[in-house]
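Every chain is named by a letter (A, B, C, D, E and F) in the order it is written, and numbering of its residues begins at 1.
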Amino acid sequence: MRPNRVKELWRAGKPVLNGWCALPCSLSAEMVARQGWDTVLVDLQHGGIDEATALHMLQAISTTDAVPFVRPPWLEPGVIMRLLDAGAYGVVCPMVNTRADAELLVSACRYPPQGMRSNGAFRGVMYGGADYVQKANDEIVVLAMIETKEALANVAEIVATPGLDGVYVGPTDLAISLGHGPRIDVADGPIGEAIAHIRKTAHAAGKVSGAHGTQTGYAVQMLTEGFNFITPTADFRALQMGMAATLSGIRDKIPGARR
Amino acid sequence: MRPNRVKELWRAGKPVLNGWCALPCSLSAEMVARQGWDTVLVDLQHGGIDEATALHMLQAISTTDAVPFVRPPWLEPGVIMRLLDAGAYGVVCPMVNTRADAELLVSACRYPPQGMRSNGAFRGVMYGGADYVQKANDEIVVLAMIETKEALANVAEIVATPGLDGVYVGPTDLAISLGHGPRIDVADGPIGEAIAHIRKTAHAAGKVSGAHGTQTGYAVQMLTEGFNFITPTADFRALQMGMAATLSGIRDKIPGARR
Amino acid sequence: MRPNRVKELWRAGKPVLNGWCALPCSLSAEMVARQGWDTVLVDLQHGGIDEATALHMLQAISTTDAVPFVRPPWLEPGVIMRLLDAGAYGVVCPMVNTRADAELLVSACRYPPQGMRSNGAFRGVMYGGADYVQKANDEIVVLAMIETKEALANVAEIVATPGLDGVYVGPTDLAISLGHGPRIDVADGPIGEAIAHIRKTAHAAGKVSGAHGTQTGYAVQMLTEGFNFITPTADFRALQMGMAATLSGIRDKIPGARR
Amino acid sequence: MRPNRVKELWRAGKPVLNGWCALPCSLSAEMVARQGWDTVLVDLQHGGIDEATALHMLQAISTTDAVPFVRPPWLEPGVIMRLLDAGAYGVVCPMVNTRADAELLVSACRYPPQGMRSNGAFRGVMYGGADYVQKANDEIVVLAMIETKEALANVAEIVATPGLDGVYVGPTDLAISLGHGPRIDVADGPIGEAIAHIRKTAHAAGKVSGAHGTQTGYAVQMLTEGFNFITPTADFRALQMGMAATLSGIRDKIPGARR
Amino acid sequence: MRPNRVKELWRAGKPVLNGWCALPCSLSAEMVARQGWDTVLVDLQHGGIDEATALHMLQAISTTDAVPFVRPPWLEPGVIMRLLDAGAYGVVCPMVNTRADAELLVSACRYPPQGMRSNGAFRGVMYGGADYVQKANDEIVVLAMIETKEALANVAEIVATPGLDGVYVGPTDLAISLGHGPRIDVADGPIGEAIAHIRKTAHAAGKVSGAHGTQTGYAVQMLTEGFNFITPTADFRALQMGMAATLSGIRDKIPGARR
Amino acid sequence: MRPNRVKELWRAGKPVLNGWCALPCSLSAEMVARQGWDTVLVDLQHGGIDEATALHMLQAISTTDAVPFVRPPWLEPGVIMRLLDAGAYGVVCPMVNTRADAELLVSACRYPPQGMRSNGAFRGVMYGGADYVQKANDEIVVLAMIETKEALANVAEIVATPGLDGVYVGPTDLAISLGHGPRIDVADGPIGEAIAHIRKTAHAAGKVSGAHGTQTGYAVQMLTEGFNFITPTADFRALQMGMAATLSGIRDKIPGARR
């Protein structure tokens, strides 16, 4: 089976830089993957990507050496298994709030006896190789999103789940759940402390930690503090900011172009 | 019929700022349109957008007050008519090299007696209103791309075509055709002179001129020189540059993240 | 955030007329929305509309001032959240049979602390505006379908669920569940009494009520009796009946055209 | 090869009643086909149907005994051949204005030596049978749309084209081309005379004639006058009228429901 | 309602030969159905087929007399109901491990009072006929996949579920679950004994049994031993083996063509 | 630019083995490409593949080292350019009957000054590399299909076209055009002689030759006789034959399974 380069990077003590795709478009996914990200994640929760489009995006990402990741829409075993069958090498699952949630997630991602994943990885075998079924339990990365007050309270139990590789912070949902509204790129105060607590708890259990932000400086800080996996922006954000900046840049200079 | 705001802007002596969409995705198109561009163009020539996706993109753009434009894949009357039926209020046609090309283009965009456009604007009527057929010949904007040596030689004849609203410079094809390779954002030298010649020839005939670039400064310069329509960037370019800049910004700061 | 006109109508004591779309087609959805319905509902339960198509239909409906509603395929929180992210301003959820069902439904539709909805309303923000997250809990309409014997028994508990705006009668399923087969447009007898009971129970709890039928006369009667929301026909029904009536109209007159 | 029932009906002196589909949706196409039309036509010229959707619609129509017809987007041989390969048993081609146009149309629809159609009818063979290639030239119906002043002048030459089965009136384009605006359902005056002239010229050459309208009465009249093929309405028209009639029927009765 | 030929075959003591489709393509599905299989199954669990594509595939299969079956992605009532609405006449549900699972499956497939299926079989009625709702509970075939150690232990309870027609062996998952890795086409040893036990337990309860393999000889043996339903290969397997055999056949003969 | 391995193979005197895809499905295309073919061709002429699907298929093929080829639907410059933009490294164009046809084909595939190809190879650059525009004229393979009597008469002129890499025999169309019906796998008699003549004429002009068949033995013979490029089967053929063979294999052994 094609080794999961993410695991190699982590074994070497290196961080993983993740490109985030929420636009339902295989061309933009291929373009993101061509920029050199270690992983490229296809987000099926927020962004309009359905499973059929996700398949095309995973194919597009697989034309590069970026490792294909997915965020399933919800903790639904059937959907998670299909995304793995489609060739995803990593799963970042939203709203894992309890130990039971984490165990269900792991079970959906692992073949027996570790889990209940069903055999039939049509594209997994094409992408991974003929020994995919034998080795997938060791190569596929499974991360649980910690993004509620409840999950925060249960994080030690969650990270102790056998077969779970680590956790991934969902910052805006966590902030909302903690009563602070949809804040992002926060490194201090109660939210910052919660995020640091998640990281430390994961590392104490020998698991990895992932962070999510929208500013390069924040991403650098999170990596410096020890996070192993970072999403510093997203396709739609780059698109929106680039288009808006160009437009206002012109309107600033050309008085007649002001609306 | 809903008036074409582009014509209103031009009548007021104002320039039109165009957002360019080449990604086959109705969500990114809606996002581009939300930034405040005067027009948003759906490019069916270069970029992977087919007619079915273009229809969804035109619907998405129509949720805003940006005026929907298209670039058809080629000077093919059947395709151009279908894009107009789908609600496009402007056509920027590639590779119009002769007066005959320009006349064919106009004919495809205008109902008789001015042209041969076929009746049946299913979405044009929904978007434009019940009197669409009566007024479309006056409201739809038709621009011919000047992007070859041959077109440059024929530009005076082309701009004189009745029913043609103006021309649009295709800078990289023009540069290649003139023997300079795929250059862009060029304002001086033989390419810059050719571009200025196109603009002046159009204006002399009472027609509008459009320019295409990738730098805000170039766009400002073209508008300052008198162009009436400018495309200063594109969705895929904003996406690519934003994603690449974030990635390199992190790699510069985190030694372990270098590949 | 763009106000939800449905809530404004209800506050003014006016009924809401709902156009129902079950054909997986963004053009037919736009056409339905153009007829002047107060709301247009995209049905993902019965009719062949998947999430990707629903997104295009919601975009198409958003080119008009009809308020976009959805019926999710089932009481599945992940799917409901994605439909809200896609810009739905109202949810009519099938098969809400217990108070627990109603609470799960509300939770899926509301951000914390009222619910567990996850943040990331990519299109909700585009359609609703920048303050979407702050105001969505107040603007989004949530209706529970009462369509089983069990739900009928629990209707008082269901309507008392905090955050639920009201109920919507599923007449044929209710009739089947009550042992009468798939009857529709019934205003009296045990089914009619059950429907009236649902309406009265909702109103007694300060909630709204919605009815569903296939005849103009029935819709008028239901509105007259006090229902606040009515679906009097559906796209596929209008299509089928119109096509069949024309065909039989000709066959009746042209003997040779009989099959 | 499965016989073309249209030819059998014509040989028996019976008219053919055609259901027209312009909505890009295989479910609505199947629903139209289930109503009992002799033929169901998939319109790729006006209506938003692309080739991929047309394929699904032709499959849907083929679940019934309605004969599948298509209107290609334009007189483009490559597209026409692909639609035939997809199983169309009849072609109604827009904008056939000259004898040369008619000959090109026939050539695209017929295998050598009668034409230049290329072999490879992947779905034609599945639908038609193993001897499809041997018999298709005899079974496929080819109709030329007469819808311009030029075509009207050339109609005698057009109908004389060997291999052409007949003509089909495009009434609104014809009316526009003759200077009367987009009129429809016209049976007298200059437009009515032109339409009658087309019918008579076709019949004099031993060819069939088709008419297009939006009113049952008009369709009955055209069939009574001798037309062999009639389209009396369309899917989008049935949909629009049905939805609008129900809505206004309620608003008329419920004062509070008026906008 | 169109009778389910599968039930007729079983009543006549005949086996049912099932063609398996996992490629998301309506053309390949139509081609498979044209080969003469008694049933053709659309697999939504493993293979990349989403619900929208499944609908097109069911339409394509319905152009033949092959009975359309589906495998839903998981034991999810909402999805199962939608696939039945789309015209499936048989359901083969994965991972039915307990009596409760079997009862949920049956409930999703049967209208009240036998189950909780919701009314609205838009395509079921088109394919099955106007009395579909009255008769569907009797005509639709429901099979539970037995493919885990747990299911094997519970098989007697599962087959006793009222309304369940029978079971279907999932051989590779069963082998993995029993600790033997992903083996297939096994007729003896512990796996073979387990498979025989499933068959015998089903038959003892008056239910049917289905087997799954990849070799003609194995399929013949399973039918000879008494299985009532057999899947002997799949579309992707036929494609892969045929393409590989041709390629190696040439490389064996043409030395220069070796890689 | 990524070198075109096809040109390398030809320079080394080796034949190219081509896998042919006519099913509109990116998964089957990826599966075909994984078998080890030198090239994999996406057929847009016969088979139901539209441009949007072709893009996904080219992405899928690009996950392997098979060189992506296309057959455009017709000699249409706009379509050919878009397929090249989508990353095709080879074009096999149908129905090239004259020197003018061949020149138009070459012009559509080459940037100025050799041709009129328009700049904007969005995916070509991603797949080929940053110097794509500079080198594409040298790397892209262009083959003209010789498949009519007229083309056969003009073959010497066609192969002499500058910029054309060679020819490809369309055997069934050629046989039909020569009056022999749709024959295939013919190596002798007038058709075999015509095919040999095409090969010899191409080689005499220093160009390559391609053949098309359905039998391994025929493919081996054509390669032995000197053809440089061979298509020995197709995806739909492998699928159909494999499914049919398994089915008849069982029916032969199980009397009760006969229909």
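Quick note on the criterion: a contact is a pair of C-beta atoms (placed from the backbone, for glycine too) under 8 Å apart; a residue touches a chain by one contact, two chains touch by 3 or more.
Just so you know, these numbers come straight off a predicted model, no measurement behind them.
K.L.:
If I rank A-F and C-E by number of C-beta contact pairs, which comes first?
P.N.:
Greater number of contacting C-beta pairs: C-E.
K.L.:
Find the pair in A-F, C-D or A-B that has over half of its contact pairs, by residue number, in common with D-E.
P.N.:
That interface is repeated by A-F.
K.L.:
Any idea how many Å lie between the Cα centroids of subunit A and subunit E?
P.N.:
34
K.L.:
So how far apart, in whole Å, are subunit B and subunit C when each is placed at the average of its C-alpha atoms?
P.N.:
Centre-to-centre distance between subunit B and subunit C: 40 Å.
K.L.:
For subunit F, jot down the residues that touch at least 2 other chains.
P.N.:
Within subunit F, the residues that touch at least two other chains are 24, 27, 31, 47-48, 50, 52, 55, 76, 122-123, 236.
K.L.:
Could you list, by residue number, the parts of subunit C that touch subunit E in their complex?
P.N.:
For subunit C paired with subunit E, touching residues are 22, 24, 45-48, 50, 52-53, 73-74, 76, 94-95, 147-149, 170, 172-173, 176-177, 179, 181-182, 236.
K.L.:
Which of the residues in subunit D come into contact with subunit C in the complex?
P.N.:
13-15, 17, 19, 23-25, 27-28, 31-32, 35-38, 47-48, 216, 219-220, 223-224, 230, 232-233, 235-244, 246-247, 249-251, 253-254, 256-257, 259
K.L.:
Mind listing the subunit B positions that touch subunit C in their complex?
P.N.:
Residues of subunit B touching subunit C: 26-27, 30-31, 34, 55-56, 59-60, 62-63, 122-123, 126-127.
K.L.:
For the complex, give me every residue of subunit B touching subunit D.
P.N.:
50-52, 55, 76-79, 81-82, 85-86, 111-113, 116, 118-123, 133-134
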